[in-house]
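Look for subunit A in each of the two complexes below; its partner is subunit B in the first and subunit C in the second.
The block that comes next holds the complex of A and B.
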């Protein structure tokens, strides 16, 4: 029984880590209708910059963190200035293709500036198993993942307030609904896009830092986007709570499948099982668990 | 006055010209190097590529090349992508006077793709400790060499190390060995051997595949926690290694019972886990460190001249040394090929002859500046992988270095030889190859 509890808890914690990546996708999709293919690479780029600044300058990590936030804001500005501004009112597929290009550009710049080696990111975050849980209940929980859950809770609270209660948040939602209508009431599309890409860059930095602490900062970090996709399908592309709940369901589902079903079919099923789970939800509820239902008059 | 200077200059040029022409006309040996300095597997690809490149640079700087022939060293970036690797092969194979002499693909996927091409193009492939294990049978694979050991040697060596720690091979009975492996052709390579060894010694083998890239392995390590195996072996590469070492440390699995193969035992595999990685073991076939005379010479003649391929402080890392020994053996085969032909104007098939006649003794290693660095190797027409002897190294987190703790571990040849024979025979049958007569 304790093993089942351990599996479920580990799944929940892993799910939170996926949710952190999924949040970045949701933010940009919610505010601009763009599926940002580059979100995984943004996590990598942010973590690489953060670890790189610490390694090269020996600055204290809070200063390096703030500098990295500055870099991500600069990236957001550059994306708006050189890419999105020229693609206003284009088909979503064009914007999607632009983000594929952006992913490769960011990866290339990261490689040129910071190199391809694994960077150890040790900023004193808790790591290893929780001794208390292990010794008292014989249950293995990773301290870093508990910390990630707390961070995710804070982020979701902050983002919910930002979107629901602030003028900028409402403007973001207006732009997401209709670019032209938002422009006609005086909302600056350029400013909104810079803001939303900056916030997504900040979320990418948080996710990249946590994943980078876990495995070292390296180029395979960009592939964590693959873990976020089923979360998005399940939770809905426009819902912040959906990203969290979706992450938890995917995390628990894949761990239970790997441990209890995997041995019967040769193992290594958790990756495709997550997509199968998401697909099953998609068939029943195409907009995802918390996504906005699209109703059109005909 | 100016005219006088000009005349003197022209005269000097005229005298110098024949020398310059001779140098320009020195036979050029094309050595392609398929590298991956970018992409998710770059942390492993960079040090290997640096070690490989630095040795050729040293020869060019110190000796002007190899036996009077200059070196045309061509790096081509594969990003560890099979398609890009094949493109690199196609683009470089015809370059230069000698055309490509030998390839070191550094990827099992690329190796499998270029095995059939090598025979047609008459260029030997040196897959040092990776690639297709049964290529060790030179009768079926005349163009492929995978010394000094195969994955099956490594698997067997790891089992024999575990047996030695347990007391004897008989003490492995009823023990459990879990294999955590990259869910790919590479990761699955040792399974067949381990299954045979499990039958022979009576241990239970648990197989735990990890999907690419291996960033998330929680389910795998929860299963290890539950089954509590006596030993964990790992066949990983890239981020999978770092995450596995960290997870093992988190679930408090004893690190001195966790052995990675020789592609899961470099500095970057253990550093992210910090103190937690202390005691982690890995198989290897050469020593770590930069204390050997050859390293000192590279530092002095290549790095001090500002011509090193990488960072000076990374000379001597495990994968740097692997690239270095790959280059050393390659050059020895080139020298042997020149000796057999009686000329330095060799082509790929001469290097193949050199590889088959290769005999690098301990005395020769000492002459080359690598005393006690690795095992002597001796190839023949039939044997393309030898000796298969395994070393075990252990990570010392406090010291920040690897230390060899066991050497001379021999693989179970009575198990491995029939497997190589059977697998190569199946390949020969599938591809209508008549095995060579090596008698």
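The block that comes next holds the complex of A and C.
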């Protein structure tokens, strides 16, 4: 029994980590209808910059963190100034292609500035097993994962309020619905895009920091974006709660599948289970669990 | 109109608009809107009505269009180089053809986005929201419905209400009658007239429905292939034989053959 609980818990925690990455995608997709292929690389870039600043300058980590936030805002500004501004009103596929290019540019800049060796990111986040859970329930849980779950909860709460209740949040959703109409009522797309890419950059920094602490800051970090894709399909591209629930389902699902279904088919199910689940979802519910219904007037 | 009203809120002077650097759409259009007036811009599909409005509101940039000649003056200031949000701040807002409500936002949220550029505080915005609901009681009933699920008429009201929330002096209204039942068209135009009289909002109105537009407007311009071919008081236009024949569909003496069409003498106003 405790083994099952342990499996589910570790699945949930892994799921939270996926969700954090997926959140960044949702933000940009919601506000601009762009599927940002570069989101994974943004996680890598943010974590690299964070680790790099600490390494080179030995500043205390809160200051380095703030500096990195500044860098991500600068990235957002540059993306708007040099890419998005010139592509207003183009087909979504063109914007998507632009973000693929952006992914390579960011990756290259990260490599040139901070080098390509694996960096250790240790800012004193809790790590190791939680003794309390081990003693009381004989269950093994990583402290870092519990911490990640808390961070995710705070972030989601903050974002939900931001999107639903604030003037800027409303404008973000308006832009997502109709660029032209948003322009016509006096919403400046340029400002909105800088804001949303900054917020996504911040989320990327948080996700990158947690992943980087867990497994070192290295190139493979940018590939977690691929894990975020099934999470998005499950939860819906436009829903913040969807990103969280989707992440949890994928996390738990793949762990359970590995342990209980894996032996029947020769194992290694964990790597592709998420994609199978996503495929099945695309067939029955393409907008995802919480995605906005596609409104079509006839 | 020009002899009675002293001040002009908008004047468009001989503008030329080119899309994608090659397609010449407007070939020298001039018009003026007096303060507190309703001016109709009429013409068939593709005549350049929407382009003219978008040139004023500066939404052309997003469609790769460019004003290459002439000037646009709003409240005494040249505005060609301003961004759409600067123009909204100065009191000139466009209601686009086809409504363009934000489908996933509720009606009330749609209306609130109209107040995006305002800095005069939540209380003032709240007050204006109530005012919009007073003009469009139907919107109050549907305030929490997603705009995408409301009817065409409600969406048109929502789009006009949303523009009102920016406290405009002038609304550029593009084809408000599109896709609406005749009765609803009348309703919308009645509200336009009311807004004009009570709130002092000036309107530049692009319409294909010449009949309705000329009944509510004070002055009209007729656009054809990017040029203004005729203008005058709405009343005079309604009685003009050419307008009757080509836009109102009532000929002077029975049916006419298309052979006579080419003898239609246009006033070459753009040369003047």
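The definition used in the following text is that the second predicted complex is superposed on the first by the 298 of 298 C-alpha atoms of A that agree within 3 Å, B and C clash if a C-alpha of one lies under 4 Å from a C-alpha of the other, contacts with A are read in each partner's own complex, and residues count from 1 in each chain.
To be clear about the criterion, a residue touches a chain if its C-beta (ideal position, glycine included) is under 8 Å from a C-beta of that chain, and two chains touch if they have at least 3 such contacts.
Here the structure is a predicted model, which means the values were calculated and not measured.
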So, after the overlay on subunit A, do subunit B and subunit C clash or fit? They fit
For A:89, select first, second, both or neither according to whether it touches subunit B, subunit C, the two together, or no partner.
second
First, second, both or neither for A:167, with subunit B first and subunit C second: second
Quiz item: Of the partners subunit B and subunit C, which touch A:135 in the superposed model: first, second, both, neither?
Solution: neither
Inset, instruction - Report for A:187: first if it touches subunit B alone, second if subunit C alone, otherwise both or neither. - result: second
Apex subunit A angle, CA centroids, subunit B to subunit C, rounded to a multiple of 10 degrees, is 140
Between subunit B and subunit C, the one with more contact residues on subunit A is chain B
| message | Under the stated touch criterion, which partner chain does A:177 make contact with: subunit B (first), subunit C (second), both, or neither? | response | second
After fitting on chain A, the minimum C-alpha spacing between subunit B and subunit C in angstrom comes out at 37
Contacts of subunit A common to subunit B and subunit C in the A-superposed view none
Seen from subunit A, its contact residues with subunit C in the complex are 88-89, 167, 170-171, 173-174, 176-188, 292, 295, 297
Residue positions on subunit C within touch of subunit A in the complex are 57, 59, 61-63, 83-85, 87-89, 93-96, 100-105, 109-110, 112-114, 116-117, 146, 148-149, 162-163, 166
Within their complex, subunit B touches subunit A through residues 37-40, 42-43, 46, 183, 207-211, 213, 215-216, 218-220, 222-223, 225-226, 238-239, 242-243, 246, 249-252, 268, 271-272, 274, 276
In the complex, subunit A touches subunit B at residues 3, 6-7, 10-11, 13-14, 17, 111, 116-118, 120, 122, 127-129, 134, 140, 142, 211, 214-216, 218-224, 227, 254-255, 258-259, 262, 266-268, 270-271
